[in-house]
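Going by the order they are written in, the chains are A, B, C and D; count residues from 1 in each one.
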Amino acid sequence: MKKGRKNSIADVAGITVGHHTIKNEQFQTGVTAIFPHQGELFKEKLAAAVYVANGFGKSVGLLQVAELGMLETPILLTNTFAVGTAMNALFRYSINRNKEIGDSAGTVNPLVFECNDGEINDIRGMPITEKDVEIAMQSAQSNFEEGAVGAGTGMRCYQLKGGIGSASRILTFNGKEYTLGCLVLTNYGQLRDLKLAGYPIGADLVEYYQEKDTKEKGSVITILATDIPLNSRQLKRISKRATVGITRTGAFIGSDSGEITLAFSTQQKFQQYSAEFSSRQILNEEYIDGLFRAVADMVDEAVLHSLVKSKATKTRNGKAIYNLEQSIEILQKMQPNKKYQEILEYLQKFSASEY
Amino acid sequence: MKKGRKNSIADVAGITVGHHTIKNEQFQTGVTAIFPHQGELFKEKLAAAVYVANGFGKSVGLLQVAELGMLETPILLTNTFAVGTAMNALFRYSINRNKEIGDSAGTVNPLVFECNDGEINDIRGMPITEKDVEIAMQSAQSNFEEGAVGAGTGMRCYQLKGGIGSASRILTFNGKEYTLGCLVLTNYGQLRDLKLAGYPIGADLVEYYQEKDTKEKGSVITILATDIPLNSRQLKRISKRATVGITRTGAFIGSDSGEITLAFSTQQKFQQYSAEFSSRQILNEEYIDGLFRAVADMVDEAVLHSLVKSKATKTRNGKAIYNLEQSIEILQKMQPNKKYQEILEYLQKFSASEY
Amino acid sequence: MKKGRKNSIADVAGITVGHHTIKNEQFQTGVTAIFPHQGELFKEKLAAAVYVANGFGKSVGLLQVAELGMLETPILLTNTFAVGTAMNALFRYSINRNKEIGDSAGTVNPLVFECNDGEINDIRGMPITEKDVEIAMQSAQSNFEEGAVGAGTGMRCYQLKGGIGSASRILTFNGKEYTLGCLVLTNYGQLRDLKLAGYPIGADLVEYYQEKDTKEKGSVITILATDIPLNSRQLKRISKRATVGITRTGAFIGSDSGEITLAFSTQQKFQQYSAEFSSRQILNEEYIDGLFRAVADMVDEAVLHSLVKSKATKTRNGKAIYNLEQSIEILQKMQPNKKYQEILEYLQKFSASEY
Amino acid sequence: MKKGRKNSIADVAGITVGHHTIKNEQFQTGVTAIFPHQGELFKEKLAAAVYVANGFGKSVGLLQVAELGMLETPILLTNTFAVGTAMNALFRYSINRNKEIGDSAGTVNPLVFECNDGEINDIRGMPITEKDVEIAMQSAQSNFEEGAVGAGTGMRCYQLKGGIGSASRILTFNGKEYTLGCLVLTNYGQLRDLKLAGYPIGADLVEYYQEKDTKEKGSVITILATDIPLNSRQLKRISKRATVGITRTGAFIGSDSGEITLAFSTQQKFQQYSAEFSSRQILNEEYIDGLFRAVADMVDEAVLHSLVKSKATKTRNGKAIYNLEQSIEILQKMQPNKKYQEILEYLQKFSASEY
C-alpha cells in the first residue's frame, strides 16, 4: 500500500505533534501533544470516535467523544500518574483561548491518554508539571521524532524498548488521494510472544536474555487520523481495526493492558455556533474495507517504528531494556543464520528516518 | 418501602461521606468524598459498575470499572474543572498508603465524578486544590450533611438550588434485612418540566419568576451502594434504574447533561493478592425486581432531598437561585390553593433532617 | 406540544402500518407491520438506531442496525414464538422483490420485535404462519387502528389490557415543520406501580381487584420515526428518551421485560448502489433537546393510547383482563371522588379516535 | 501449549456436536448443533457472554445473553436464511421438553448463529426445514467431523474452502487441569491477505489462480467453551481474544463480515428455580492472561483445521473453490521451493484427524 511522504500521522494535512522529554537519574518520562488541526478546536470541533479493546486504563475524555462523536481539544499522551496534571493543563489551555468556556458556553472535554512507564520511570515521583505539558504543546510541528521521546520515553514494548511510532497510507477515491495516518504509544506485549515476519524471534530472545516471563502491565494507545470524510460511527469502525495491527506482532491484548484507540476526521468539522442544519460529506460504507486493511497494515508498521527507533536504556532498578534491532544483531553474531539476517533486513526498512 | 435509619447512603454499613465547602465572594464550590468501606480499598476492592445515561461529562475512572467490574479508591465528587486536581489527590492518597502501587503492582484507578457549577461558581477560577480534596476525605463520617454542601455547593437542579441528596431502602431476603443506599449530586433539569406529586409546579414557577428557558447544561451523578451480594453485571442493571428515579420529577435527560451512575456492593470483595479461585455469594436474578423498584423510588427521594435541603443563593452574576420549598410557599401566599398546600405537606417529609 | 394531524406515527410522511389479528377460542395474538417508506427499502435504506433499555427479549436484527446505522426491511411486531416465522416472511418478502439478494448482493437483515403475550394467548400453540405475516404487510395504510389489534391483541400493560398505541409531535426549525412519531407495543408494568396525573391509581385498583402481585414477564417495544435529518448516533440518543416516556406512568423497567426502541429518519437515505461519497443534511446537536422532550412526552401519550383503546378480554385461563378507563369508572361509581373524576377526564383526551 | 485429547471443543466435558449436511445439485448447506451440557439447559442454565467484533450479521439470541449473562438452549449454526427456521426448531425443542415455558415460566431464548454461504449454496432456495435442524441436534456426539460438513458445507474462507474447525487447550490451576475449547465456522477473509507461518502465501495463490479480488461478504462464528469457572464479564473478555486468533492468518475483520463470539462456562450453572442467594466459584482476574493467550492460539489453529479439513468443491455457478493444502501442493510442484515445503509441513500438523 502506498505510504505518505513522511510516513507519519502528520501526512494528514494540518496535524502537528510535539514532545517534551524528561530524562535524568530518577525519571524517564514525558508528554506528547497532537494537534488535529491548526485552528481553534473548541470552536471547530472534529468528528471523532473511541474504541476500547481493553479498559484497564485511566485515559480521560472518552465518555463525551462516545456520546457526541466529536473532539474539542488537542490530544495528550503521558504516563498514568500525569493524567490529572495533563487535564489541568488542557482545561487552562482551553479556558485561556476561549473566554466563553465555563461562562456563556458549557465546559470543555480534555483528551488525555496514558500508559504506565513505571518499570523504567519512577512514576510514583509524579514529576510532570503543567509547565511540562505546555512545553510539549508549544513544540508541536509536522516533523517530529519517533522512538523513546515525549510520552514514549519510559515505555516498553514486548519487554524491549518501545515508545512513539507513526505511519501513514494513501488511498485514492474518485481519482483523488486521501491520507490515513496513525501514531502509537507502545507499552505492551511479552517478549515470548513476539513474532517478526512470522518467525517467533521472541522465543529466541527470551532464551538468550534469560528474560523472566512477567505479567503484562502495559498499554498501547493508537491515534488514527484521516482527511477522508467519516462520521463517528465509521471512525469507531476503523478504530477497531487498530487492534488487528497491534496484535500482528504476536500480542494477545493482555488483561492489565489498556488498549485504546481514538480516531478523528479532519473533514468532518462541527462549528460551535451554527445553524440548525448543516450539510456534510460522508464515505459510502461500501468503500470502507480499503480503510480497514490500511489501518491494520499501518498500525502494525507504526509498532515496528516504535521498536526500532527507541534506543536501549535501563529500568529504574538498573536492569537493561534492549533495543529490538540490536538484540537481533547480537543473536546473528552469536549464531549467524538466514532467518536472523532476513529479519534484520526487514527491520531496516522501518529504522530509516523518513523526515 | 421501608427506609434505613438515617435514610442515607451511610445506612449501608461501613460507608462514610465527607464534604469540603468553598464559599466566598468569588467561589461557591467544593468536594464530596465517599468511602465505600473503611479498610484499604486498593487491597480489598469491591464489585462495581457504571452506567452512562448521557455521556456529556468529564467523570474519570469509568473505563476500568467497566472492564474489571471493581473499584479500588474512594469516590470523589466535585466541579468539572477540579477533576484533574481530584485525580492527583487520589493518586497521591493511594500511593502514600500502598507502597507497591507503581512499583511492584500496577497503577491505581481514581474515581472522580463532576457536574458543572459554572452558573453559581466562578468555575474558570479553578480554586480547588489537592489540599481541599484531602480535607473532604479527612472529614468523612457516617453522619453527613445534605444540600448545598461539598460538591453540591454551587449546583442547580430544575433551575432552583440543588446539591447533595441521599436516601436508603431496606429489603428483606430469607428473613434478613439488606440495605440499598444512594447519594445524588443534582445539577440537572429545567424548571418548566418540574412535576411534584404529578402536578406541573414548574410551569407555575416559571410564570411567577419569569424564568427564562435556558439550555440544559447540567449533570446528575448517582452513587448506589448495597450490602446485597451483587456482581458487576447486576450492579450495572440496578444502575440503569437510577435514571427512572432521576426523571420522575419531570426531567428528560438533556443533551448537555452528564448523567452517570456508579454502583457497588460491599459484599463482593476482591482481595488484591489471593488464590486462583475464590467463592462468592450472588443474588439469584429472579429476585432483582425488588431492587429495581427500590432504586427508582429512593433516587427520586434523594433528588427531593437535594432540593429541599439546599438553601437559596445567588449566581456569580447576582441572579437569585431559589429554594424549592420557599418558592412554593410564596406561590401559596399569593394565591392560596389546595394543590400548593398538598405539595408543601409532601415536601415537608423530605426536609426534616434524619440524622 | 403541538401534535400531528392523526397524532400517530403515520404523521411522518410515507409511513404506513398494517395489522393482522388472530382471535379465537385458543389464540389472541397477531402481527403488526410498519413500512418506514413506500419505496424499496433494500435499495433505499434509512438511517436507524436501536436502544436496549433491558435485553430480556428475543427481537432480531438489532446487531446490524447497531453496526451499520441503517435499516433495509419493513419492521414487524409479533409474539415471542412467532419471531422465527416473521423472519422467514421478511426473508422471502425481500428476496422476492430483489433478485440480487443472496446472489450478487449480500443477504438482508430482517427486523422483528416481540413481546410475550402468553398470559392471554396460547403462545405455545405457535399459530402464526408466514401467510399471516403477509396479510399484516399487505394491509398497511396510513390510517390504522390502535389498541388490542395486530401484535397488540394479547398484550397486557400494568396488568390491564394493553396493545398498540401511537402519537406524534410537531417541531419547527427555521420556520419549517417537522414531525416525530411513535408506535408502542405495550406489555409491561405492574398494576401497583401505575400512576396517572401523579395519582397512584394502581394501588386503588390492586385493592379493588384483589390483584395478586406477579413477577413482571412483559416487554415494551417503541418505534420512533421522524423526518428530521438525524444520523444513527443521534437516533440512538433520541431512542434512550423513549424510556423516560415509558416510565412516566410508574414502571421501573422490570428485569424480565424486554424494553427496546428502534428509531429511524426518513430524511437520511442510503442508496444501495451509489458513489464513493454522498452529501447529507444533519441536525446541529445544539437543537436536539427539543426532540428529547418531545419523545418523552409523545411516548408517554402513546402508552396511554394503548391502554384506553384496548378492550377488556380474558386470559387463556378465563381470568378477566380489564380496560383502564372502565376500571376507573367502576371505582368512581363505588366511591365517587374528585380525583377519579379528574383522571377520567384526563383519559378521555386519549380515548377519542383521532383518525 | 498443551492440547486436549481430541483437540476439539468436545474436550470440555459434557459438550457434544451434531451435523446435518445438505449437498446436492442445487444446495450445499447444513446445520451444526452444539450442546453445552447433557442436562436440561432451560432448567440448568450456563454463564455465557457474546462479543460482536463486527455486527454485519443476523445471528439471534445475543441480546438476552448480554443482559442476563447466561444461555438456556443448545447453540445452532446454519446459513443466513435458515435462522428463522432454526429459531422455530429451538422454540419447539424447548417447549416440548419444558411444559412451563410460555405457561407458568416466561419464554426461552434461542441461540442461532449464521454465515452467508450464498457463493456455493443456492441460499435463496431456503432448503433447510425444522426437520433438518432436528436431525443435526439428534446426531450430536463428542466425536464429530470438521471441515465442509453441517453448517460448514457451503462456507468459504480466504476464498478457499472453509467450514467447521475446532481445537482445545489445557491449563493447569492449583495442580488441576482445566480445558478451553473452541469451534469456528469460517466464511471470511480474502485470499490476497492470507499468511501462513508469516509467509504471504495468499499473494502467490492469487497470482496462480488469477483470483479476482472480491468484496468480503463472509462472516466467522466462534464458540468458546471452558470448565474454568468464569462469570459472564470474564467470558466476554476471553471472547474478545477470539478475534486475535481469527486475524492471525492475515484477515482484518471486513465490513460485511459478521464476526461474533459466544463463550460459556460449564462450571457456572444457574438453576431455574432456586434460592435467593447462591454461592459460586470464580477465577481471580490476575490469572486470566493465560486464558487469553490460549484462546488466541487455539482459535488460530481451529481456523487452520477448518481450511485443511474442507474438501474442494464448486460454487453454484461452477467456479472451483480450492482446498488450501492442495493449492500449495500445486504451487510446490510448479515451482518447488523451501517456503512452500515448510508451509506444507506446517499444515500437515493440522490435517491429521485427531479423533
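Keep in mind that, in the parts below, contacts are C-beta pairs under 8 Å (C-beta built on N, C-alpha and C of every residue); 3 or more make two chains touch, one makes a residue touch a chain.
Predicted model, so just to flag it, every value in this text is computed and none were measured.
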Trace the shortest sequence of touching chains from chain B to chain D and report its length in steps. 1
Relative to chain D, which chain has the most distant C-alpha mean position? B
Measure off the straight-line distance from the CA centroid of chain A to the CA centroid of chain C, and report it in whole Å. 45
Distance between chain centroids, defined by C-alpha means - chain B, chain C (Å): 33
Could you put a whole-Å number on the gap between the CA centroids of chain A and chain B? 35
Going by the contact rule already set, what residues in chain D reach two or more other chains? 54, 67-68, 237, 256, 285-286
Which residues of chain B touch chain D in the complex? 67-69, 173-174, 229, 231-233, 237, 270, 274-287
Chain A residues touching chain D in their complex are 53-54, 193, 195-199, 215-216, 237, 240-241, 243-244, 247-248, 251-256, 285-286, 288-289, 292-293, 295-296
Quick check on the complex: what are the chain D residues that touch chain C? 52, 54-64, 66-68, 80-81, 83-88, 91-92, 95, 101-103, 106-107, 109-110, 116, 118, 123-124, 126, 217, 256, 258, 260
